[in-house]
Amino acid sequence: MSNMDEGLKHLITKGVVYDLGQPLYPGIPHHPLHPPFGYVMARQHGDVIFKEGASSANDLFTLGGHTGTHLDAVGHISQDGKLFGGVDAKSVQDWRYGLGQCGINETAPIVARAVLFDVPGWKRVDVLDKGQAISGEDLEKTLGWEGQEIKQGDVALIRTGWGKYWDDPESFNSHEGTPGINLDAAQFLVEKGVRFVAADTTACEVVPSQTMEVHSFLLAQNGVQIMEMLNLEVLAKEKAYASFFVAIPLPISGASGSPIRPIAIV
Amino acid sequence: MSNMDEGLKHLITKGVVYDLGQPLYPGIPHHPLHPPFGYVMARQHGDVIFKEGASSANDLFTLGGHTGTHLDAVGHISQDGKLFGGVDAKSVQDWRYGLGQCGINETAPIVARAVLFDVPGWKRVDVLDKGQAISGEDLEKTLGWEGQEIKQGDVALIRTGWGKYWDDPESFNSHEGTPGINLDAAQFLVEKGVRFVAADTTACEVVPSQTMEVHSFLLAQNGVQIMEMLNLEVLAKEKAYASFFVAIPLPISGASGSPIRPIAIV
Amino acid sequence: MSNMDEGLKHLITKGVVYDLGQPLYPGIPHHPLHPPFGYVMARQHGDVIFKEGASSANDLFTLGGHTGTHLDAVGHISQDGKLFGGVDAKSVQDWRYGLGQCGINETAPIVARAVLFDVPGWKRVDVLDKGQAISGEDLEKTLGWEGQEIKQGDVALIRTGWGKYWDDPESFNSHEGTPGINLDAAQFLVEKGVRFVAADTTACEVVPSQTMEVHSFLLAQNGVQIMEMLNLEVLAKEKAYASFFVAIPLPISGASGSPIRPIAIV
Amino acid sequence: MSNMDEGLKHLITKGVVYDLGQPLYPGIPHHPLHPPFGYVMARQHGDVIFKEGASSANDLFTLGGHTGTHLDAVGHISQDGKLFGGVDAKSVQDWRYGLGQCGINETAPIVARAVLFDVPGWKRVDVLDKGQAISGEDLEKTLGWEGQEIKQGDVALIRTGWGKYWDDPESFNSHEGTPGINLDAAQFLVEKGVRFVAADTTACEVVPSQTMEVHSFLLAQNGVQIMEMLNLEVLAKEKAYASFFVAIPLPISGASGSPIRPIAIV
């Protein structure tokens, strides 16, 4: 049981539900340090047949907290050995139990206002360049172009146009870099009081990054959780800049993140 | 992109979000024919350290489409070799690709009105008995006791009281049976036009069942999907009988189901 | 470090190595109560490229202790709640740690004399019938027909001819039953002092079985471990009745079994 | 069915079997680009009880071809996009099917003479230093010190002393490097005609390496497969320099490697 601002319901005016989750299947883009999505049927129709002829199929998946469209737990990132709030990472982590603190199980279902930052839209391009950084000023100008404002408690949806590469892992995780926010943009968002930052790329922050400074700043220093690999293409096309947003992480004890399939309703 | 009835927003009056998902960890109750939930850290803080001292943790999970709180795909059940709509099960299933038709990837995010059937509440008991069947008349009387009605397109949440046994797999999947709806109750719900039937037990239908007749009737004959292993305890305690309900299956290609963490907002 | 009878080396006379393991891939036959074999590449060539142009691939598998050709741990089976030696099963098992006693990690690499019981050969059939039981007398007569004897410490390889169905799971795990040894045959083998009993079927014992009495007798009462799903076809064709046998379970802490790929050298 | 030199049997003189496999459990050392070893019970004793009181336990593992003590497939490494023999890596790899050529399924069970290179023994140290390279000359002098020779077709077991760090992943995969052979040593071994090179570290070659040049030389250029993470401690202590060696990879279709538990018999 948690609470939301009941006034958010007025964001729902048309009853259109946008699906911001990318499809899951073996071969989706994934960070090389993360496990892949795996799938196998565990039982097929016909393997076990009940009296009167019913049968059932089921399956087995392998995935991790950062597979496909997902939400990082606060404890995903440490800085100098510390998680957000000064928690000592090594003393709370365990191979079999995960994170004793700051795990994804501590994140309640997310129901919030979301604002889309359609950066390529503002820049009048289809997609940002490989390795292109998005600054705080870029975000501010994008908002102005959209005629929107960002509020305390909002979810910031940062579009780079990258979502269209989902079926092409080599482009999605290009060796030449991916676009994303820089530290300046992260600071802008934190100052505005956003609760979550979401992007359509693997890393949210501009890549290559030697330091993961945006991850460190948002998660380890501010406890602002990051969503990655969303599909923001249709939302931008339809100019659905402000929406009633729902994302619900699986309550996995101690996990460093969870797959999600966020929706935005207008 | 899908559509919902925008008028449902008026179900949100207080901004209270009920979490209907059970926690996920190794050792949760699971059907013996289904795979278990497994967890292991894949990388710990300190394993790889970026310049300036940031580090990250991630994990690997094993689970299936029917692990923990979940939603069955239409194609989970076949009757006499046929899926809903007369699809031949054997000709669309593949070990590596799953169900070519009727997979969970065909289910859009669910945003709907939900109605709780607090059967133990009506019966003035804490929890139903092992193996106790719930009939259509029971459902009708429960609704009357609650002063509610069920409408076309609703999600029916069937409470047996079983949710409290989550941490005790032997009770949750008792060898002596579990309570649940019978075929008569399923017919009642289909006649009322419900789109989804959800329960707080492993099987939704009364167990033992030699035939899985409720699964066959709902999924294979009517395409009405089933949710199982929800936690409906707090919802009942707070008498939140009608709610703005959201459940979002992961869009796993060909899967027979997906874990979900549904929410009910009032 | 363990010990074997060094005289066994004289079984090696030709230097022919028979591979008794069945291939592993998604879709191999598996018992419906056991997890499936799953495979996915975790990284492909080209995902990460080292200086000078080297790259690497790796993969992720899901499997269990009873997947494919495998060896049961002593603790796989309990009788009336007790493992072999009177160990209380519930007090030593843990979801994350497995079996604190009688796990497969307690089994040293197996180097032993093996004797093939080519039952279909003796019966002059290609393959035994569905549900056909093999008795102690059958085993004795098969040995006589082969001109072999079984000795203390041997591995008994029981051929039904079933190995040829590996690529056809419906035949391999037929709903109409599978051939295998009965309790009488198991008693015969224990009296002879065999250390391991191996078969080319899923269950080793004749199926259907309501009681798993052969498993219970061998594992829970005698600590004689069972191997299943071997491929004994070529060994029989070549009449390699006695051999230098090696099977090496993976040393998985607490596991109820392990995949193996046994070899027989003559 | 494959062939070995039957004369190797004379290496067996005492009947002592050395276990060269490291134990497998969640938390073992693993390369950060590889998946972790995961374990969960899939069914516990008591979950399903057969007539007459027998019950069984089983489990589910996650692991990859390079988890724990393992053998690399020829196709694990590409150089400039090519596998051994000039096979184009991208055209034979598939997320669900793995490597269509050069997979571990092409490796027959290994029965061969093994020679231990006890480098720390020769150097009169307990363990080599972090990042210490082993050259061809080092190997030659080690052999001389042992009074051994290496022959065509042998397995070379390269000891660094690292095996004792297995229970301490931070030491095993030290950020400051690990000892191992350099390119010169790899060339020495290939000139001698060894079929397999095995080491007690994660990478076999000296780390850090920017190029993975030893992997590239052995696998991609010469088709000489590498074993890693063996435990060679007892073998060295007992001066079992030449042995009858058996290692049997699981026959996983298309896999880039397989866990193994090698044994050395003297």
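Letters are used for the chains, namely A, B, C and D, taken in the order the chains are written, and counting of residues starts over at 1 for each.
To be clear about the criterion, a contact is a pair of C-beta atoms (placed from the backbone, for glycine too) under 8 Å apart; a residue touches a chain by one contact, two chains touch by 3 or more.
Keep in mind that what you see is a predicted model, and the values were worked out from it rather than measured.
In summary, the pair chain A and chain D forms a contact in which both copies contribute largely the same residue numbers, shared numbers making up over half of all those used. In this assembly, the chain whose C-alpha centre lies farthest from chain B is D. Per-chain Cα centroids separate chain C from chain D by 24 Å. Work out the mean CA point of chain A and of chain D, and you get 38 Å between them. Centre-to-centre separation of chain B and chain D, using mean CA positions: 45 Å. Among the residues of chain A, those in touch with two or more other chains are 26-27, 32-33, 35-36, 39-43, 46, 48, 60, 62, 95-97. Against chain B, the residues of chain C that register as touching in their complex are 26-27, 32-33, 35-36, 60, 62, 95-96.
Every residue of chain C that touches chain D in the complex is listed here, in rising order: 1-6, 8-10, 12-19, 21-26, 33-35, 39-46, 48, 50-66, 68, 75-81, 83, 89-90, 93-99, 105, 108-109, 111, 209-213, 215-216, 220, 234, 238, 246, 248-257, 259-263, 265. Note for the complex: chain B touches chain D at residues 26-27, 32, 35-43, 46-49, 60, 62, 96-97, 169-170, 173, 175.
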